[in-house]
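You will see two complexes here that share chain A, one where it goes with chain B and one where it goes with chain C.
Moving on, here comes the complex of A and B:
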């Protein structure tokens, strides 16, 4: 289980100077290789699985982008749907009006995410904790309403821009200078897999960089960081903007595959679901939330026939939070380290819950 | 006489109706150890908060090397060379002792370089070397890898000083560095303070009179937000206003 060695900032970073060990690198490569093999199999056995895999990868990237600021810098963003949706709409608009060239529209999605996040971040980082969370949520809702009511069209006096509550539908498939056909679902899957893998490596790199270390310091003790000379707000805005770029890319990958951009991409419920993915997966581990995204989407897929599938998701969430506060990542790490001990932890958690909550 | 390192002119800080610091004018020359003493609530820590940008003065001015600094942000003041340690240990509990100090040594106050984002943190070797030198100086090199939260009380207090020291200050403001320590730890801390004062100006807030009288070259006494006396330890120990403030007589 090399991947489990990869990044666990709370465990590994205080005492070691190497979060991404060689075993971790190997684990990531093995997982990417496995997913690369899985794609063609899924495509030939049941194409719907491929659809599901792309969806999981896009949300894994979104969860990763949020964990970078939530888990690393302690910025409780409840508005990451804004960057996801903005990236998605940027791609939809470019495909409709300018070009379906992936080499143009995907960088544009990143840029849009960065700009939207810098804007939201600039206004929000002065507030902390729950106030920061509420501000990001409010901004995201403004974007949602703007898309839903097609405010840009009203302001510019044209018929439609965002497509209002219907969104932008029937988008053309992406291509790359006519060389790569991205209307092939399998090709698109490979593109998504490659970009998500590169994003993961980039974020691990940034998290390990001097800048990432500063973000950790901000999470641990924001005030003290200011008193040793850091312009904390600036670091937070830049961290938020970087995160927004990856969230924008996630939206930019998600929308063309659905060939649909709708206001729901910007809705607060999506931001909330994202926070569930993070807590379920293991906050601050980077790889855990990606896993959490996969679990939530698979659960949703399997259970959506059942009228109130959220009830089951909610129950799973409660069980994880009570018995494994460090999420699935924490469970996997402790199972790897010492299976017996892991069961002991469950007993401890239950005793703790009885004592502190039920009493 | 050369220009003072830090000078305040009629500095006042009010919180609503409460005047925490009232019309304080003092100057701190470069080098050596100065102390600020006074009963609880005298306004000593508020004065530090004003010097370090936590609060802006309501009235009056603060100058460092002749430049006004009143109302600057904390990080800007650190950039000028004024750094503080805290009365209540204020560190990065989940990080190692080394990382605590390294956050201070890696602080680059000139802005961002692309390398800040892309370099692997192993490339922080220069900051790490500096951090280790600081840990050695504060006697914590052998527990460099220990998580700060797991250090003993005296070690935490030294780490608190080490974080401030690691920024390379010209003026180090220390808020009760020996609070809560036993005699042995106190001696070690006093030695550390004297060692630091060899290459930085130190201002202490301290309740332990023995320490204050032994290490300070100059003492300022505050009571009810006002500066009631300044002078050498000898002058202060003979000062009637100081005796009244401490004995509670009128």
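Moving on, here comes the complex of A and C:
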């Protein structure tokens, strides 16, 4: 058991429910309002910012979905790219072959995410800790190779389905019964913002429902929950499937805006980057991972002009993990609680580091 | 029919060779996990640094052998730096944070490698005496590959003996089993940890040089091999050295046979195998027994 206990995320989730305090609610509402105002400004000043904002929102939703299973249920998924990519491909295929109606394709993305997650979850939940993580990674990589080599087309004997390593390019813009024009980037941004906000609301509700409490119980002590009489594996599969639905929606929102669905969406490095976003932001806080997603995407975007941008990005991860163990969320919370002691905290962290390294 | 037999034989030899070399990477990964509780995402980067330093030393001094000696030692130094300045600050915290740290290091190394050596793929020049082929039954097999097989097998056997029989091996296993007890007996456990990490890094560096002359050396190789190594280590059971060796052989053979049957989807066989193993034995083949 030693190895598996080591992967207990309990100690890593210090500020759970912070989002439910009045201050947390107010903060989230203020942020959504600010983003709603920012959209039109970005659209008129520099349309590229809008592109970045949609990307950030989609990844924030993806990070949120992972934090729900990881932070709340303790299931470290290293294959969340599978649901993200599956949702994206579902939208791309529907737009190409059936309809670009958002009211059809986005629910389909959610459904695809749920189905894929239920499939992966059903096979994986028996394994625990890092083994669970590796199983989810294995299944996600199978999806990646299948899309990359266009396996569905070879099996069905048609020319192409996933478009192989090029992916599906030049997708038509979404619309909604011809009423709302979603080829307008600003409209698409508002749609994304609204769906991400609703998803956050839904996940907070689920996480704090009796069902969510059971998931937290599973995280705290799986054996005891089973002993009390809960069907632990069923709860885990359902929790994973719910998370997959949100991940699928994130993919479904990301792909039409990029007008491109490519195998890279399914690759393990995306899942890895996602775990980095969670840890960077602050695991188990729901808002921290969303913040982490925004920071990582902004950093990648801002740094990609530099020659050695990967070096800087990696260094940021290293510095945060060494000096800010609770992630950016932890830093923000301690700044809010005790803004005067910020300098003292930095000194403590450095002294602590020196002591550990030089021992 | 003979042609088929020879291609199967060739694939088997190739698979065993690949497996034994990957075992060098996986052995370090599994030892580091077993003893330090660290999921080392930077392990593939150490392998990659080995390959690139091998390229530089081999082309500067024109000697493959010098590369095989110097590059792994330099990788060991890099490993020591990572352990002392990075991981040490995190011991006692949730091992999840090691993922973030080593992932960050892996990204840094990838960026640095592109900065220093450029994005194109390079190759280490294999020595003259190991060029050409020999016939093994009906198969013409490159001498260099046989050499790689031999040296990897010898190294793995030596490591196995060391862990199993030597005092140092006992100390390593004891530190993994009960760090506090070993500490209380007056042994500096943090030195043992650094030693294990450096040792794993050197093994990865050797594999980088060896495969740098048969596969190629490119900026993607670090992230490529780390997944192969994780598959191996998970199949074998995390922390188990024996598991890593058997897992590596399995992965090598599946990769080689997969390339015969369906080259474009070889990875699917690999991941499907891992999924099946974990579903039947949730702690890997040798997980709970040796690792705990």
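Simple rule for what comes next: the second predicted complex is superposed on the first by the 318 of 359 C-alpha atoms of A that agree within 3 Å, B and C clash if a C-alpha of one lies under 4 Å from a C-alpha of the other, contacts with A are read in each partner's own complex, and residues count from 1 in each chain.
We take it that a contact is a pair of C-beta atoms (placed from the backbone, for glycine too) under 8 Å apart; a residue touches a chain by one contact, two chains touch by 3 or more.
Since the model is a prediction, treat every value here as computed from it, not as a measurement.
Visitor: Once the shared chain is lined up, is A:313 touching chain B (first), chain C (second), both, or neither of them?
Guide: Second partner only, chain C.
Visitor: Contacts for A:344 in the overlay, against chain B (first) and chain C (second): which applies, first, second, both or neither?
Guide: The answer is neither, since A:344 touches no partner chain.
Visitor: With both complexes superposed on chain A, which partner does A:151 reach: first (chain B), second (chain C), both or neither?
Guide: second
Visitor: Contact-wise, after the overlay, does A:47 reach chain B, chain C, both or neither (first, second, both, neither)?
Guide: Once the two structures are laid over each other on A, A:47 reaches no partner at all.
Visitor: Tell me which partner A:231 touches in the superposition: chain B (first), chain C (second), both or neither.
Guide: After superposition on chain A, A:231 lies in contact with chain B alone.
Visitor: Please work out whether A:221 is in contact with chain B alone, chain C alone, both, or neither, and reply first, second, both or neither.
Guide: A:221 contacts chain B only, not chain C.
Visitor: Just checking: does A:212 make contact with chain B only, chain C only, both, or neither of them? Give me first, second, both or neither.
Guide: In the superposed model, A:212 contacts chain B only, not chain C.
Visitor: Classify the contacts of A:321 with the two partner chains as first (chain B alone), second (chain C alone), both, or neither.
Guide: second
Visitor: One more residue to check, A:141. First (chain B), second (chain C), both or neither?
Guide: Once the two structures are laid over each other on A, A:141 reaches chain C alone.
Visitor: Going by the contact rule stated at the top, is it chain B or chain C that touches a larger number of residues on chain A?
Guide: Of chain B and chain C, the partner in contact with more residues of chain A is C.
Visitor: Check chain A for residues that touch chain B in one structure and chain C in the other, and list them.
Guide: none
Visitor: Which stretch or stretches of chain B touch chain A in the complex?
Guide: Where chain B meets chain A, its residues are 52, 73-75, 78-79, 83-84, 86, 90-96, 99, 102-104, 106-107, 109, 112, 115-124, 127-128, 145-147, 163-164, 166-167.
Visitor: For chain A, which residues are in contact with chain B within the complex?
Guide: 10, 13-15, 17-18, 205-206, 208-214, 216-217, 220-221, 223-232, 238, 242
Visitor: Which chain A residues qualify as touching chain C in the complex?
Guide: 1-3, 6-9, 11-12, 76, 123, 126-128, 130-131, 134-135, 137-139, 141-142, 145-146, 149, 151, 268-269, 272, 275-276, 279-280, 283, 307-318, 320-322, 325, 352-353, 356-357, 359
Visitor: Along chain C, where are the residues that touch chain A in the complex?
Guide: It is residues 37, 39, 41, 84-86, 88-91, 93-97, 99-101, 103-112, 114-115, 190, 223, 227, 230-231, 234, 238-239, 264-265, 267-268, 271-272, 274-275, 278-279, 282-284, 291-292 of chain C that touch chain A.
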